[in-house]
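What follows is chain A paired twice: with chain B in the first complex and chain C in the second.
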Partner chain A sequence: MAAIYSLYIINKSGGLIFYKDYGSKGRMDTNDSLRVASLWHSMHAISQQLSPTTGCSGIELLEADTFDLHCFQSLTGTKFFVVCEPGTQHMEALLKAIYELYTDYVLKNPFYEMEMPIRCELFDINLTQAIQKDRVVLLGR
Partner chain B sequence: MAPAAPRSGDAIFASVERVNAELFTLTYGAIVRQLLTDLEEVEEVNKQLDQMGYNIGIRLIDEFLAKSNVSRCVDFKETAEVIAKVGFKMFLGVTASVTNWDADGTCCSIVLEDNPLVDFVELPDTCQGLYYCNILSGVIRGSLEMVSMKTEVTWIRDMLRGDDAYELQVKLLKQVPEEYPYKDDE
Partner chain C sequence: MIGVGKIKQYSNVLDKPLSKGKQEVSLSAFAFLFSELVQYNQTQVDNIAELERRLEDAGYAVGARVLELLCHRDKGNRRETRLLGILSFVHSTVWKVLFGKVADSLEKGTEHEDEYMISEKELLVNKFISIPKDMGTFNCGAFVAGIVRGVLDSAGFPAVVTAHFVPMEGQQRPRTTILIKFAEEVLQREARLG
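On to the complex of A and B.
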C-alpha cells in the first residue's frame, strides 16, 4: 500500500516552516527535520547550477531504495516536498493541492507572518483531509 | 505527468466565489476615508495605500500562481501581458491592456478599461494629490518582488483626477534572482 511518510514545507531562505510525519517510518525529531530541510534546500539549489539542461528549476524527484522524495517549488521560492514509499503515484498532484491549501489557509490568514513557521489550524485540518482523500483513492485501486 | 495548461483569467474569475461589488467598493472607500482621517496628509495616505497593497501583493502572488498555472515568464513583456490579461481579470474582473513599451522592454503602461474601486467616487478639492487606487500599484509591486523583480509602479492617468482612463506605468528596475549563501572565497 503506497503511503506518505512525511511532508515538509521550506520557505525561500531554506528554513523549515512546516513539517508533518505520517506514521513511524517518516518520523524525525525537530533537529533532524530542520537538518533535512536545510540539506534539501542546498541540494536543490546546487542541482539547478549543476544541471546540464538550461532553464532547470531543480530536483523534482529523488528515487532511493526505501523511499521516494517528490519536490515542488513554486515560482516564489517556497518548496513543498513529500517523502513517500517507493512507487507512490500522483504525488505531484498532491503537492499542487497542498500548494493551493497553503495559498488559502496560510497566506490568506492575516495573522500569519510571511516566512515564519506555519501555525494555522485550518491548514492542518484541510491538509489532513487532503491526505486522507489521497489515501482513499490509492487504497481503492 | 504533463503540467497543467495555464487557465484564462475569465475561467478562473468564473470559478471563484464572488462578493457583492458594492460591498467591495464601500469597504475600500471606508479604508481610504479612515486613512485620511488618521493621517491627514494626502502624501502619507498615498504611501500607506501603497504599503497595504504591497502586503497584499506578497501573499496574492502565490494564490495567482496556484490558480492560474502560468509557467515562468520568458521576459518582462510576457510578465506585463500576464498581469493585464490574467491577473486583473482574475482578481478584479476587469480587462486591461498593455501599451507604451519603451525601447529596452523594461517599462510599459497597463491601461484599465474599468475600475471597480472607484464606482461612485469623486475626489473633493481637499484631496487633489490623492491617488485613490494606489493600493493597486502596491499590489503589483509586492507580487513582482516575490518573483524576483524589483519594479516601480506609478499612476500616469487617473480618471478621478480628470484624465480619460486609468493608466499604470510599470517599470522593471532589476531582476534579483535568489541569492544562495555559498561564497567561493571562504
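On to the complex of A and C.
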C-alpha cells in the first residue's frame, strides 16, 4: 500500500509553519524537520535559477530510491510538500486539497498570525479527514 | 405553450420593476470581512470580555436594522408583540435571511422561566474559526448574540444575550448556543397579556 510519510508547510521565507508525520517511517525530531524545511526552500530557489528554460517555477517532484517528494507552491510563495512512498499517485490533487484547507481554515481564522506556525484546530481536523479519504481511495485501487 | 415564461419587454428602463437582486453573498468574502472585524477589535481591547462586548455591539447595529427591514419587507410594517412570536421570528425569518437556513433548535431553558436558547450545530460565523486554547471560552458567536439582542431590544423585548460553546456527545466540535435572558418587565407584560 502506498503511504504518505510526512507533510510540511513552509512560509515564503523558508520557515517551517506546519509539520505532521504519518506512520513511523521517516519520523523526524523538531530540529531535523526545521532543517529539511529550510533546505528544501533553498533547493527550490536554486532549481529555479539553474533551469535551462525561463519561467521555471521550481522543483515539483523529487524522486529518490526510497521516497518521492511532491511540492506545490502557492502564488504567495507558501510551499506545501509531502514525502511519500515511491510511485504514490495523485499527490498533486492532495496538495491542492491541502492548499484549499489552508486558505479556508488558516487564512480565514482571525486568530492566525501570518507566517507563524499553524495552530488551528479546524485545520487539523479537516486535514486528518482529507488524508484519510485519500488513503481510502488508494486502498480501493 | 410558446411564449410562456418569456420576459415582458419594456421600452423604457424606468418602467421595469426593481429587481430583487442577488439574495446570496460569497461565504469567503464574508469570512474575510468578519475575520478583519475580529482582528481590528482585537487591537482595540486588552481583555477578552471587552472583545466580546465590542463584537456584540457590532452585531447589535445589524440586528436593529434587520428587524426594521424584515418588518417592512415580510410583514407589511407590522412586528411581533408576543414573546413566542418574536422568538420564532428570530429563529426562522431572521436566521433564514442572514444565514440561509432556519436555526437548528429553539428551546426554553429548563432552570429559569426567562431563558430561551437558540442552538446551532455549526454557526456560520464560526465556520472557519478555531479559538486558541489561551482564549478559554471565548466565542465569536458573540456577534450573532448581538444581532439577536438588537432585534429583540428594538422590538421591545429587552434581553441579555450571550453565546456559548456546548460540547456535544459523540461530536468532535461543540455546538454554539445563543442564550437569551429576558428582562423582568417583558415577562410581567407577557403574564398580563395572558
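FYI, the second predicted complex is superposed on the first by the 141 of 141 C-alpha atoms of A that agree within 3 Å, B and C clash if a C-alpha of one lies under 4 Å from a C-alpha of the other, contacts with A are read in each partner's own complex, and residues count from 1 in each chain.
Keep this in mind: a residue touches a chain if its C-beta (ideal position, glycine included) is under 8 Å from a C-beta of that chain, and two chains touch if they have at least 3 such contacts.
Predicted model only: the values in this text are computed from it and were never measured.
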- [ ] Pick one for A:G77: touches chain B only (first), chain C only (second), both, or neither.
- [x] first
Open item on the list: Quick check for you: in the superposed arrangement, does A:L122 touch first (chain B), second (chain C), both or neither?
Closed with: second
TODO: Tell me which partner A:L50 touches in the superposition: chain B (first), chain C (second), both or neither.
DONE: neither
Open item on the list: Tell me which touches more residues of chain A here: chain C or chain B.
Closed with: B
Open item on the list: A:Y99 in the overlay: touching chain B, chain C, both, or neither? Say first, second, both or neither.
Closed with: first
- [ ] Figure out whether A:A64 sits in contact with chain B (first) or chain C (second), or with both, or with neither.
- [x] neither
TODO: For A:F111, decide between first (touching chain B), second (touching chain C), both and neither.
DONE: second
Open item on the list: Let me check the overlay on chain A: which residues of chain A are in contact with chain B and also with chain C?
Closed with: 104, 108
Open item on the list: Please output the residues of chain C touching chain A within their complex, sorted ascending.
Closed with: 28, 31-32, 34-39, 42, 128-132, 135, 140, 172-173
Task: chain B partner contacts - residues on chain A that touch it in the complex - done: 12, 42, 45, 57, 74-78, 92-93, 96, 99-100, 102-104, 107-108, 114
Task: Partner chain A, residues of chain B touching it in the complex - done: 1, 4, 58-59, 61-63, 65-67, 72, 146-147, 178, 180, 182
TODO: Please name which positions on chain A make contact with chain C in the complex.
DONE: 104-105, 108-111, 119-123, 125
